[in-house]
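As written, the chain order gives the labels A, B and C, with residue 1 at the start of each chain.
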Amino acid sequence: MAVAERRRTGAPIYEGSRIPQPTPTVLRTPPDLAATGDILTVNFGPNHPSTHGVLRLVVDLYGEDVTGLEAVIGYLHTGFEKNMEQKTWWKAITYPERIDYVSFQNNELVFVLAIEKLLDLQVPPKAEWMRTCLCELNRLHSHLVWLGTSALELGAISMFWYAFRERDQILDLFEMVCGTRMHTRYFQAGGLAEDIPRGFFPEARKFCDWMPRAIDDYETLLTRNQIWLERTQGLGLLSAADAVALGQSGPVLRASGVNWDIRQNEPYLAYGKIDFRVPVYPAGDVYARYRVHMDEMRESVRIVEQCLDRLETMEGDPWIADDRKVVLPPRHELHTSMESLIHHFKIVTEGYRVPEGEVYVAIESPRGELGCYVVSDGGPKPWRVKFRAPSFVALEATATCMSDALIADMIAIVGSLDTVMGEVDR
Amino acid sequence: MSLEDVPGLVEVKEAHGETTVVVEPTELVAACTYLRDEEGFNFLSDVSAADYLGWGRAGVSGYVGTPVGRDLNRPMTQGYQALPGAKPKRFAMSYHLLQLAERPRRLRVQTWLDDGEAVPTVLGVWPTADWHEREAWDLMGIPVDGHPNLKRILMDDDWEGHPLRKDYPIGGEPVRFSGEE
Amino acid sequence: MALEGRLRDAGMKSERLLWPTKGPSRFEQEVDDLERRVGLTTLEKAVAWAQTNSMWPDTFGLACCAIEMMSIVSSRYDIARFGMEPFRGSPRQADLLIVSGRVSNKMAAPLRQIYDQMLEPKWVIAMGACASSGGMFNNYAVVQSVDKIVAVDIYVPGCPPRPEQLMEGIIRLHEAVRAGVPPAYEIRSVAS
C-alpha cells in the first residue's frame, strides 16, 4: 500500500483496540513485512524542524507507510525534580514554570495549589479570580503557539505569523501584570505576588474584543480549507476506550468523544462560578483535535471576560492571604511592627515550613491533566516533587495513533497531540 | 464493594481530602484490577516513586522534636515542630487513580519497597503505565517485573546510577558564593 | 592598551570595549590579539557585509528560549529585516546556530554533531542563561554552558531573553563580523 488512498471524511472510529502489544508505546513492524527486506528505518532525530522540540522518533517505513514507530525521549531532561528538592518552597516555585514552557502559569499554579493544600491555606477571592484569568490567557497563549507551529509544519505557513501576532498581545498583558513576558513567577503560596496594576482592565478588554475576530480569521483560513481537511481528517484515530486506557486527557481525550474536563468536573480556582462550555468532538482524529483547540480558544476568551467583570468589582481587596507565617508582610508594616520584621526575616532567610504530608493536585493545563505530587517532611524544602505531565502521556499514544499513517501524516499526528518536550522530559 | 475489600490491603489513610490505600507489592496487580473493574477507577493518572532515605533525620539547630512533641532539653532539629513519623520501607510507589464519572473520585494506591525489591507491572491493567514505570526504573531504580521494555527513558542509555535517589548527588559544578549546597 | 582602536572604529558598540581599562586582563588581551588580526580589505569587507545580511539560522530550539526565538520571526520583532527569517532545517544550509534552551547531557552529542555538520564560516549564539552557563539548573542533567561543547561567539543572557535582547545579540554578532572578528572556532576552543 505505497500509494495513499483518499480518506473518507467522517471515517468511523475503529472497532476494538489498536493499542500495540506487547508494548503499548512501540509499534512493531509485522513480521511478514519485515521479512520482505523493504523496510527502511529512519531516524527523525532530536533536531528536526517538524517535531515539537527535541523528540526522536525511530520509524520503520515500508514505502511511505509507517509500519513501526518508537519514540525516544530524554533529550531535554533537566532534573527539575531533584533541583526542587534543594531549594526552599518559595524558591522552588520558579522551577515548575520552565517545565511546560508554553503554559507556564499553569505549572506554577499546580505547584502553588499543592503547597496551599498541604498548608491548608485559604486564598482570597481576588487572587482566585486573577489566577483564573491568567491561566485562561495562558491557555490562549498555548493554543496559539500550538496552532502556529502545527499549521507551519503542515505547510500553512502564514498561520504562524497570525497566531504569533495575537500571542504577542497576550504576552504584553502578562508583562503589564507580572513584569515579564514569559515565566512570570506571579503566583505565590497564598495568592499573588502583587496587586493588579491599573490599566490592566482596559487593555485586557481591548484584547478580548479583538480576539474573537482573530479566531474567526484563523477558522476562515483553515477550518473549511480543502487541503487542511484532507491532511487532517481521518488521521491519527484514537477511540474513546483507547484514549482512556492510555491515560490521555485534555484536548486529545475530548476529541475522542469523552466529556472530561477538570475545570468542569473537579472545579478548582473560580471555575465553579464561571459559565463556559467544554467542546467535545467524537471523531477522534487530528481534525477533531484542531476543532477542540479552536473552540477552547473561544471559550477562554469568554472566561477571561467573566473574570474581568468580577475582578473590576474587587478593587482594593487583598490579593494574598494574611498568614504571616507563610506570606511576607506588607512592607509598610516592617517599619512599625516587630513581629512583622521577624516574620519577614524568617521567611526570607529560612523559608516557610510546610507540614508533613503528601498531596496530589491535578489541574487542566492546555494539554490535559497536569498533576503535581508533593511530599513534605515538615521542613523548609520539598522532600519529593513529581509532575504528571500530560505531554509525557500523550506521546505514549503515538504508536496507537500511527496505524496506517504515511510519513506526512506522522507529522500531523504528533503535532496534534500538542506535546511540549520540556514537560515530557522534565 | 468498598475499599476494604481491596486484595492485599494494609491500611487506608485519609489526609487533606485524599484517600490512600496501602497494599502489599505482591498483591498490587490484583488490587489494581479490583479497583478498575469493581470500583470503576478506569484512569491511571500518574505513577510516582519516592525515596525516603534519610527521612526524619535531624539537622543541627533548634529543639529536638519526636513524634510525641518537642523536647526542650535536647538540642537540635532545625526547629522542626515534631520529627516526621518513620516510614515502613525505603521506597514508595504511588499510583494515582481517577474515576471518570459525573462525580469523579480520586485514589492513591501505595506500596512500599526495599532497595532492589521489584514491583509487578500494572501494564495489563492500564497500558498508560508503560512509560511511567520505565521512568521509575530509570530515575529511582525500582525494578518492574514483567515490563516488556524496561530500558532507560530519560537518561542516557549507558548512564550509571539512578539520579533521583537521595544518595545520588545533585551534580553540576561547584559555584563560589552560593548560599545553598 | 590599544583598546581605542580599530574595533571601535569599525563600528562595534560593545560597552566592554568602551570601558577604560585598569590593566591587562584576559579579555583585553584577547581583544588586543584580535585587533592585530583585524584588518579588512575591501573584498573582505564586501564578503562580511554579505555574510551578515543573510546569516541563516538553524532550527535548534530546545526549550523556553526557543519560543522567544520563534517570536523574533513573528511580525512584531521581525528578524526578516536582517535577512535571517529562513530557519534552515538542515545544518548544512545554515550559518548560525542559536542554541536556545537547556542542553541536557543526552542532547550534547547531537548538538556537537549538528555543529560539525555546519559548513564554515559558522557562528554560535548561546541564547539564554541555560546555554550560557547552565542557568538555574546546576545539576547532573544539564551541561553547564554550551561552550563546553561548541565554540560560542555571543552569549545572550536572560531567562528567557526578550526578543529584543536576542536581536541585540544578533546585531552585535553582525558588527563583529563586519569588523573582521573571526568566528569563535578560530579564536578559542571549547571551554574545559
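Just so it is clear, contacts are C-beta pairs under 8 Å (C-beta built on N, C-alpha and C of every residue); 3 or more make two chains touch, one makes a residue touch a chain.
In this text, all values refer to a predicted model and were calculated from it rather than measured experimentally.
Common neighbours of chain A and chain B (chains touching each): C.
Among the other chains, the CA centroid farthest from that of chain C is the one of B. In this assembly, the C-alpha centroid of chain A lies 25 Å from the C-alpha centroid of chain B.
Averaged C-alpha coordinates put the centre of chain B at 44 Å from the centre of chain C. The distance from the centre of chain A to the centre of chain C, each centre being the mean of the chain's C-alpha atoms, comes to 32 Å.
Residue positions 106, 137-142 of chain C each touch two or more of the other chains.
Multi-chain contact residues of chain A, defined as those touching 2 or more other chains: 74, 77, 79, 82-83, 425. Along chain B, residues 155-156, 163, 168, 170-171 each make contact with two or more other chains. Residues 155-156, 163, 168-173, 175 of chain B touch chain C in their complex.
The part of chain B that touches chain A in the complex is made up of residues 15-18, 20, 42-46, 48-52, 55-56, 78-85, 94, 96, 98, 100, 102, 104, 106, 108, 123, 126-128, 130-131, 139, 148-149, 152-156, 163-164, 168, 170-171, 180-181. Considering their complex, residues 19, 22-26, 73-74, 77, 79, 81-83, 86-87, 117-118, 120, 244-247, 258, 260, 265-266, 350, 353, 356-360, 362, 369, 371, 373, 375, 377-380, 383-384, 386, 388, 392-393, 395-396, 425-426 of chain A touch chain B. In the complex of the two chains, the chain C residues touching chain B come out as 105-106, 134, 137-142, 144. Residues 59-64, 66-68, 70-71, 73-76, 87, 89, 91, 101-102, 104, 106-107, 110, 114, 136-142, 159-160, 162 of chain C are the ones that touch chain A when the two sit in their complex.
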